[in-house]
Amino acid sequence: MPDARPEGEGRMSQTAAEAPASPFELMATALAHDLEDGEWVEVGANLPVPRAAALLAHLTHGPNMTIMLAMTKAYLRDEPLIEEFELITDVRAQRWAEAYYPHDRLLSEMRFRRRGVFFCGGIQIDQFGNSNLIGIGHDHRRLAFRGPGAIGTCNATVHNGRYHLVTNEHSARVLVERCDYVSALGFGDGTPGLREELGLGNEGPRYIVTPLCVFDFHLETHRARLRSLHPGVELARVVEHTGFAFEVPDPVPITPAPSPHELSILRERIDAQGRLRGAAAG
Amino acid sequence: MGDRALSGDDEQTVEGSRRPVVTDETSAVAVLCDGMTVGVGGFINAAHPMALVRQLVRRRLKELTVVGAASSGLDVDLLVACGCVAKVVAPYVGAEGLAPIGPAFRHAAQQGLIEVWELDEALYYAGLRASSQRLPFNPWRAGVGTSYPCINPDLKEFEDPIRGERLLAVPAIEIDVALIHAAVSDRYGNVQHDGTGYGDRAIHAAADVTIVQVEQLISPERIRRNPAATSVAGADRVVRAPYGAHPFGSEGYYPPDREHLGEYVDAAQELLRTGSRSRLDAYLARYVLEPRDHVEYLEQVGLRRLVELSEY
Amino acid sequence: MPDARPEGEGRMSQTAAEAPASPFELMATALAHDLEDGEWVEVGANLPVPRAAALLAHLTHGPNMTIMLAMTKAYLRDEPLIEEFELITDVRAQRWAEAYYPHDRLLSEMRFRRRGVFFCGGIQIDQFGNSNLIGIGHDHRRLAFRGPGAIGTCNATVHNGRYHLVTNEHSARVLVERCDYVSALGFGDGTPGLREELGLGNEGPRYIVTPLCVFDFHLETHRARLRSLHPGVELARVVEHTGFAFEVPDPVPITPAPSPHELSILRERIDAQGRLRGAAAG
Amino acid sequence: MGDRALSGDDEQTVEGSRRPVVTDETSAVAVLCDGMTVGVGGFINAAHPMALVRQLVRRRLKELTVVGAASSGLDVDLLVACGCVAKVVAPYVGAEGLAPIGPAFRHAAQQGLIEVWELDEALYYAGLRASSQRLPFNPWRAGVGTSYPCINPDLKEFEDPIRGERLLAVPAIEIDVALIHAAVSDRYGNVQHDGTGYGDRAIHAAADVTIVQVEQLISPERIRRNPAATSVAGADRVVRAPYGAHPFGSEGYYPPDREHLGEYVDAAQELLRTGSRSRLDAYLARYVLEPRDHVEYLEQVGLRRLVELSEY
């Protein structure tokens, strides 16, 4: 596969290095700050934000994290530049493998996932943290829009120690009152104790991270509430583009931006191609 | 078989010899009939058994239940586009960034032209495991409380007999014929993958018959150098198909041919957007129906393109 | 591990080669005749009779059998002399491996066993073909004799395409009316259709092969009945040493002895150590 | 952990470094307490983690539930002989031709001194699988109609929710600490077996903590030469123990020491036959309790004996 990256892009110009963090860089940093050393995390291929978050945590404070890359376990802190792979099956990512995981084994051995952290997307994400990758419509046999399917999100949001919801598009189309279908259960309809009653292995979604802000969930009502606005984002813009009502703290915290050190790791070692620096929708 | 022990004849002293299982894609696929359940290995943009899949289309098989990979690729999309499929069992059909959802699959699913047996990848392996264990089902925890038991009523919630917890019962996914792509095999069907092998072992173990196409045939002695690497120990049929996963990648041999995949995606997206099959039919004629065998397909692709595909 | 075999034992003396088949050789031959090319069979280590049966079938009419040796798949027809391994974990047996089977995988993948044939022993075997490896006594918490346990016989007698019961000791102690415990279900108490009702994968035990004779099972009553006497064995001796009553055909067939070709394969390639030529109990 | 995202402090930019998990057998076994459930890998006469097992005896742990291998060896017999065990979970305990049933195990079982959780090896793996899948049970077909549900009432017959068949529900076999012997590891706990690895992967996957003793520590680079061979990807603790499986064999290194095993069997059989512990206690004193560590044990065995052990 030819490298599509223009020559020299890996070496940041002074200007680019000093540009403020983009919305995607802010998202990646917010997620990275939540990751702890020793945790187990999958680095998706075509999910630039979670990929960058996992790698940023690994390269800063996570030398003992289990980094899963293209279904292999990898250690990447000695790599000056971590290539970006668009496809999860890209065999080049396996050069760093310490172990292979046949996919069926990966999807049977759940006990290790207690140390796991997962990032779940959705064509819809609702106020109770449910996610829908199934589709839009009322008759599941003839959906108006057929989504990609749960893939592994239904399971990963149950067995990993915790998880976050992540969307690259902050819009009322994505952030809805109720999902048409639920492929990854959050807090259901908000009934207290639902996840415990169902024996699910964690406390439910922790954050919803979007290009504009971070939501978390009220401990009793389980409704999404604003946790922080990304630097420079107006509250009104968030309200306008969110399909559900949400509680707002006063004052509103600002999502911490990446430190210069983090930003340089992001831009020079993790995202030399600059995918995170592109524009976000919403 | 029963009375031989008393017959005392000498036929069983005839030495015989070990039967190679190597054949060509035409003969290999002859075991398939309309209405069968076919498992197709690989993972998204890698390692689908395309020489076999294209031959299956050439046979114009109908009403197949296709058990794709846990993350299926455009292999399943192609089978749907060709009208071979009544039902798809797969947690995902697409090509990641190249096509987030398989266009022909999405078109057929939205039109109600195919049934989709909806499930998550952990449920998928639970179903395959049940088949390999000859059980009616395997239990799984994740999925309870979601829409899956509604949109796939074959998934039944039940109370576990030990602790009384609510679980999902996933029925066995029983496969008649599994089609797999791998790196190498000996001529007796001892197959070795390069890379993780994705879910191919599980698809094989859930199937009655397994047909494997390989990049290379190698000697039994080379297989025996690393018996731990043997992933399918005794395929029923082996087909030698260099570049057999094209346009998908094949670990240790070549990456996906993005240009070719783009050609297919454009054609299938026209169907999705406009309902017109003209570009898709042109693609199918050129690459699937007109080539009489795998080598003629490769000729259509062109040797220069094939040689250009390099993993590193 | 030192080779315990006296020098030159591999080369049979003319006398030994012409000696009539021993009871164990007859048993192995009877079982080998039942095996078919293409079947799947485990070659136990410390079970000389089934081991010899599987290998004899493989070397005569079974070039396409799947021979499982020390948890590996092996092809042995090119080996002039197949060493005897006393321990299933003897790594020397793996020199012929074409595939390794992690034991957990071997015990999960049952679908292939349809082509499998299994040989099941027992500290007790009853008239309905049930086998007991659990123990002797009435209180399972304080058995008078604690057996080795089912090991894998409970499962293998369900999932293999067919199986035989085999005992090296033909005595009223082993061949009993009813087992104290059942670790491998045969026909239970003889209730018609029991195995079908339980969804078991085969038609139940086919033969009981002993050093004196072969039993099979009546198709309706499911009781053991005499199928053939080994050459030179008197019926009265079998009756005396069997703990259950059994039907006797008239005339009584004689178990076919190995052909000279089979005997030479047994003695020169499979059992050069002569373990099958030892005395049998009963 | 929760509030770090808002704190903005710079602590998380400290680089830190990768922590080796290598330790000695004394420290490794310190995580164990009385009453725990311990899984012990290997298979009959091979690959038991004896350096760890002997250390466990030296700590005089009590009331353990021991989940042995599917076919356990005299490792479990030794633990029973030493009075460490309340309950054994294993379909077999013995040494094949060297001792068809473990003598101390048989003695304790017949006297009612230990509880035996009776099951077949397929049920054993069903229970381990349930644990690794974090399910309360796994279903299995074989066992219905046998004495197993009677002699092990934890195994429950139930009606499957899909086809209404009668199956056994095998409860999860949850292991606190798994002890495994393997060929090699790097210092970060990436472990590779030589040979099939028996059921060690399944024992590991069912456990909360896994301690692996290895014949050799090797470099991460050598592990990375064949990542497909990594059988335990991330042991919690690794102990370097050359000849650590002695008196059992270790694939790729040495066969079982039959003479030494015979010495143990003779001593344990005296207990079984006569009730006298004198020979057994002498064996235990010499080989288990008096040596302060693994090397002192090897010194008792003697270098000449060790060097004599050759696989081929």
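First chain written, first letter: the chains are A, B, C and D, and each begins at residue 1.
Following the convention adopted for this analysis, contacts are C-beta pairs under 8 Å (C-beta built on N, C-alpha and C of every residue); 3 or more make two chains touch, one makes a residue touch a chain.
Just so it is clear, the model here is predicted, and its values are computed rather than measured.
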item	value
Partner chains that subunit C and subunit D have in common	B
Farthest chain relative to subunit C (centres taken as mean CA coordinates)	A
For subunit B paired with subunit D, centre-to-centre distance based on mean C-alpha positions, whole Å	38
Subunit A and subunit B, separation of their C-alpha mean positions in angstrom	30
Distance between chain centroids, defined by C-alpha means - subunit B, subunit C (Å)	39
Computed distance of Cα centres, subunit C from subunit A, in Å	58
Residues of subunit A engaged with two or more neighbouring chains	72, 94, 100-101, 108, 159, 201
Multi-partner residues of subunit B (each touching 2 or more other chains)	129, 133-134, 140-141, 165, 196, 228
Pairs of chains in contact (touch as defined earlier), listed by label	A-B, A-D, B-C, B-D, C-D
Interface residues, subunit B side, partner subunit C - complex	1, 4-8, 10-19, 129, 131-134, 186, 188, 190, 205-208, 220, 223-224, 227-228, 230, 233-234
Footprint of subunit B on subunit C - complex, ascending	30, 32-34, 36-37, 57, 60-61, 63-64, 66, 72-73, 75, 77, 94, 96-101, 108-112, 159, 201, 207, 214, 227-228, 253, 255-256, 259, 261-262
Residues of subunit C that touch subunit D when the two form their complex	1, 45-46, 71-72, 86-92, 94, 100-104, 107-108, 134, 140-155, 157-159, 181-185, 188, 194, 198-201
Subunit B-touching residues of subunit D, taken from the complex the two chains share	133-141, 156, 158, 160-163, 165, 167, 169, 171-172, 196, 228-229
In the complex with subunit C, residue positions of subunit D that touch it	43-47, 70-71, 90-94, 96-97, 100-101, 105-106, 109-112, 115, 118-125, 128-129, 140-148, 150-151, 165-166, 195-199, 201-202, 249, 251-252, 255-256, 258, 310-312
